[in-house]
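After this come two complexes, each holding chain A, first together with chain B and then together with chain C.
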Partner chain A sequence: MKKTVLFSLIILALITQLTSCSGGSDSTTISCTETGPYACQTGATEPLYTYQWALNAAQSYFAGYPPVADGTTDLNVEAVHAQGIKGQGVNVMVLDDGLEINHIDLKANINPAMTWNFQTNTSDSTPSGLNEAHGTNVAGMIAAAQNGIGVMGIAPRVTLGGAKFIGLTNGAIANVVEAYGGALWSKNTDVFNASYSKSYIVPIDYSPTSSVEIAAVQSFPNLRNGKGAVMVKSAANDYVDIEVKENGSFIYAATCPQFEYRGASYSLVSCANPSSDTVRLELPMIVTAAANAKGYKSSYSSAGSVVWITGLGGELGSLGNYGEAGSAEKNRGPQIYSTDLMGCDRGYSKYGESPDDAAQFLIGGSPINQEKNSNCDFSQMNGTSSSAPTVTGVVALMLSANPNLGWRDIRDILRRTARQMNPDYGNQNYRNHQVNLTLNPTLSDSTSTVLTDGATAARIDYGWQTNGAGNKYSNWYGFGLADAKAAVNMAKAYTVYKPTQLIVPIFDAGIKDSQVKYGEVKELGKFSVTSEKAMDMIQLGFQASKKATDEANNVCMGSVGIFLKSPQGSVSVLSTPYNVFYDKTSHAKDTRNGGKIGPDSIYVLGSYAFYGENPKGDWTVYAVSGTPLPTSECAANPRLTMDYRIYNAE
Partner chain B sequence: MIKGLNIVYKTLIVIAALIGLGLSGLTYAQSNYELGTTLTPAQISALGPLKSFTVGTTTFRILAAGNRSGTYVINDQGKIGICNGEVLISGVPTDQAKRALSAYQASIVSTTVYDSLKMVSAKFSNLQEAANARNELATTLVGATLTMPITFNLPKVN
Partner chain C sequence: MLPFKYIYLRSLCALFIGLIAMTSGLAQTIPPIGSTLTASDMETAKTKTQIQDGKSVLWVLSTGRSSSGPLTMLVNEQGVVGRSANEVIIANSPIEQTKLRIASYLSKTVSVDYVDNMKITVLRFSAIADAAKAVAELRTAMPDARITLPVVYSIPRPR
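For the complex of A and B:
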């Protein structure tokens, strides 16, 4: 009898324990083996957790402010944390403008053998600049510890490394190979975070023979003893314009044309295409867009067909006490709370900030700051710089749940578990209207998606599309918003691993000497593919055709949108007309000339929109071309030659 | 006489000013090279004959200046980059890469093996020899990816 009672008590205790570890609204009971003072607990143990809407939107402070937050958009991480999966055993490397190694909310997770400073050539990655807080913010989003202090990262028990890699002075240039896994301090990295990029206002030549970054990323599959590492990379914040700077100072904004319709103007194109930084064409790069707390693309987030996934980055302006003021429609709303350079004399939260530019939480000495952030050790930051680490955190949770995942598996799981967001955006704000391809572009009343040779108007945004393999894709969101719970569950159940070798295909001849017609839709031609292997990315490489005479043949790619139709009928917009190469301001240093490419350079675009499709058959390439500015002096009747290559989905 | 001297004097001043302007333009170009900016044809002409090297099918001209990270170069469009004469080999076993590099031992300053990435880096004593080695190895080292890094733009945080 006593034994029976004792047995019953043990069973009851076990059931109680299991129930306490079930995650939030999750109806299933999941065991938790985590130990320690915060075992199996969510970030609710942290004092600033209520502002971390990306981790728990429903319970966050901002859920009470519908104009800036919908109370549902988050990364679905609480159920994972409640399982005790918090990044244990995973090495994350933050390559950025530095990482404060003694930060009170980071140091518990920092491995001193995984830090480096390319400015000082020492292992202390702490930046010297008072405003170099970017990397410390990025790191906290991933890895701030669960300790009852400040905020909590998405993977609060991850092993953190970091480097002073960006913003070097006195002619120093970081050794990319060392940073990307070649050095002792970086070689054990499982996932890199790259919240940085190169922005271009003129097309650049695709030149893998001289790009150390491309060479290093193509070698990522060798890391992790052959399982391969990934790099989560920001898509950039250049949707509206590119801020051109010299020596860190703002010079001018490289803008793009607006589209007039019934007396108002609309911004229909992403000014910059993420593929302009050509390292984003590499498969181990997980290119990440940003969404805000309303579940909508952040106003600044660059869009394009190499975006893989969306993370959470918040909005442009965060005002009020914590970021609750204004509305998302006006590009206001909360950002991502994180760790800041410690002290009120440096970082993003500090003395002297203006309430016109910053929430009270960030203003050193303000009543809110004194109450919640008196040492200014925490702040909030927006941008795809913030959305990338939210995805890096999710990847760390996946690898913690299943360390055997290879780099392709990581991409695959993120893609398959991503949630479609904002499904009707392609029909909103006149995005579904055709654009008249005129000098001062306007919108027409037509919403037809048909591409007609010779037409002077065309749709330039197709919104979400379902491709021939049944995959939903959008240039704004990639495959959708990352979902930690779904990704971790799939990672745990994953047993059939993909090959990790990366085979870089050579370019095949596609279309030769096809004439572009500015102001018109022009079918450039077709190319035929015989392979039936399910595809990953397709890349198109363009050159201006050489002419037999000395006549100039440059093609103004600022005017030329490249649209590609697969044999299964899916259409992807690889570049839009009227992009950042097109425009020109009156600023003396605005050197844009229409985005000319000549016969000696290669302009490469890529697309994931056809992921999983059988590529066999005829592909059709369209040039949807606006009318160049007269000042661009674009050659008349230019011709393009195009090659292509297709990466297989292994 | 005085008037004539005045004309000569004024002419000399104008010539000196023109030379000064020209030199200042040249000096500007040499002392203010910024990665990613593009030199005009006039600025390039002012630099006189420039040595060059070819990587694959792309030719780069060498500017007579540099910093701690390497030597400034310009591409076909006049865009300024920086190169330190390094050749990276990837895509083949590192032992194979090292053996292939042994043929260039006399020109190599240092070699670094990155086992984790399966890459080998060789730094050459000058850019032309690095480019020659890179181009030869690209044809003889089957399966390898040969890179001669040139940096034209530095990343910025997003």
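For the complex of A and C:
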């Protein structure tokens, strides 16, 4: 009997050793050539790994708390780590509010030749502000080392660079071209992480072709010796409202309407459209939404048709000991554990935090903090600021597995390997009900998806859809949740590389001088496409039509939703009515005017929902328009002119 | 912990210290970038110098200098206040080709940066009108290049 037990234990040990080098549950044996003390091991070597649910949900501490975590939603990274693929040879650049270069869990991976501080004009990117911990948290999610200390990044052997780039205390605007690959310290970047963005409460003019940031991003294909770099960018946290600030201080929350139905209110639209920051319309920009540990869109995560992929960002409020308290339904749950500015006098984990706002782990001097985080070197952070670096980490693993991937290949693999999540969300919480366009803002009983010219109600959310090329897309999740194992496997097998040149097409004339009717669905018109090349993004540029007289012709885009139907019958909601441009609070500084656009500016929207479709044929553009508020500055019966351009999928 | 809700206490005031010496009559009341002018202020703004860039129109609120060089405050048609460093960006053009095309503009620039690995050239002009004129002309002369007159309407913040 004892011999049998001993034999069984030996066999078990052998199997364990083999699986540790074979990608976990993989049925095929995969060799691991990594060397060193942590070779071919997962993050289980790190003391805080149990809180890193995004890396292993099933064995996470939070798996024991079903109201906040489902125990299955993660990025599927362990099989990749067990193969010894941990980001080796890949340069990641974190552009943020700084990066603490001497952090105990980061410094092993930081390349001092890849750091910069636009505030001090030195190579020390460590921020000076006590609360400037954002970039250090972002960096840890990607690149915290595997060393038996703290947490582990998704790519724990990546080469890390970073810059003090945003939030400059002298009010200067950092040099975007330098940061985006044009300086010695940034030029060798493979992947940029941009957990920042601009927000607008009025439509912003797309031109004067107007942004140095757009020019720099359009030049990314020149980097990596012509293979091209990508930038992973947060979709923003403006689903509920936009916090308006002035000189850095909070002024008021720019809200959006809630929709009433049977005595309750529902939040059906993303207050801000990610495309409002027009750099998100650029193809090398991988726009990333956030999901929580329950496998559902994070409550704050902005939604729109330029979202490419979803990463993990956790929920709005993280309370209890580690973030296990409350429920995801109440916007509570764990966030993403990471590195923080070191010491309990600064960062997000520090003395004086309140249990009403922070988990005990973050409260300097609390018993939990003393036991697990006594020097406050670690923290947790939410937001699409967190989901973006989780995807950046996955991209680093892909490039580590196959350094020959070009920028289009990276996007392609992320898209093709993404997992559909929350497939029925479009039918939940009355999202499938039509919105009344004259009775602001209420829902009707109808759930029809048909767009009827002249109708006074319409669906404004279609949930997940399968387009004419068979691709599933959602404004909440893009193509779905990133999957590291599937992405790395595809990267390793990838042999036919896409061209890296970025051809920016010119806008073609689409619809001229078509009348908008507030309170109705209005077919603005059709435009015809002759190309048969599979498409990537389509962009529509709107202007209020010029009138022969000086009569005003402002169109209030806060009330006007733009829906587009492809020749193959797919429908994309490029913007919703009742967005942040629509509303107005009583705050004296709330100067919103209905989101008016005139004839001398261009309002551009984009969509990935038709990805892969043959665009040949007639496209139909609809204005699904609510009724503007009386305070809006809208012309009666305004007319819109629209141009379009289509990027090929290559 | 609500990092993105965290109120960013970094003051942008210093940016506007450099605007004190601005020459326009509106200079003392120029609001921060990203803010929206009232309808009456917009009417006043539309009497100022107009800058045309493609289909878009901007009006100059003030001109001056910041610590990093020339600075022009503008307002767009929606009434949003923006900032230009009087820069012209020429992208998607090899540097040697760009140099040949921009030679005649150099006398009106305060600096030129060549970013070879990105095929980008950044020209900074003394005056926004010269920058806008250069953009219009270079777009014709360099049809394969992407030429922009950047205006910043918002400061990025953690998201």
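What we mean here is this: the second predicted complex is superposed on the first by the 625 of 650 C-alpha atoms of A that agree within 3 Å, B and C clash if a C-alpha of one lies under 4 Å from a C-alpha of the other, contacts with A are read in each partner's own complex, and residues count from 1 in each chain.
In this section, a contact is a pair of C-beta atoms (placed from the backbone, for glycine too) under 8 Å apart; a residue touches a chain by one contact, two chains touch by 3 or more.
Quick caveat: nothing in here was measured; it's all calculated off a predicted structure.
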| item | value |
| --- | --- |
| When chain B and chain C are modelled together on chain A, clash or fit | clash |
| First (chain B), second (chain C), both or neither touched by A:Val151 | neither |
| Chain B versus chain C as contact partner of A:Leu316, first or second or both or neither | second |
| Contacts of A:Gln335 with chain B and chain C, given as first, second, both or neither | second |
| Touched partner set for A:Pro203, first chain B, second chain C, both or neither | second |
| Touched partner set for A:Leu629, first chain B, second chain C, both or neither | neither |
| Residue contacts on chain A - larger count, chain B or chain C | C |
| First, second, both or neither for A:Ala609, with chain B first and chain C second | neither |
| Interface residues of chain A shared between complexes with chain B and chain C | 96-97, 134, 166-168, 170-173, 177, 180-182, 187, 195-200, 204-205, 207-212, 214-216, 218-219, 222-223, 234, 236-237, 245-246, 277, 383-385, 504, 591, 600-601 |
| Residue numbers on chain B that touch chain A, as the complex places them | 34, 38, 55-56, 58, 67-70, 75-77, 81-82, 88, 90-91, 114-119, 121, 134, 138, 145-158 |
| Complex interface listing, chain C residues touching chain A | 1-16, 32, 34-39, 53-58, 66-68, 76-80, 83, 87, 89, 91-92, 113, 115, 117-120, 122, 135, 146-159 |
| Chain A residues touching chain B - in the complex, by the definition given at the top | 96-97, 134-135, 166-168, 170-173, 176-178, 180-182, 187, 195-200, 204-205, 207-212, 214-216, 218-220, 222-223, 234, 236-237, 245-246, 277, 383-385, 388, 504, 591, 600-601 |
| Complex contact set, residues of chain A against chain C | 96-97, 129, 131, 133-134, 137, 166-173, 177, 180-182, 187, 195-205, 207-216, 218-219, 222-223, 234-237, 243, 245-250, 277, 300, 316-318, 335, 348, 353, 357-359, 362, 379-385, 504, 543, 591-593, 596-598, 600-602, 633 |
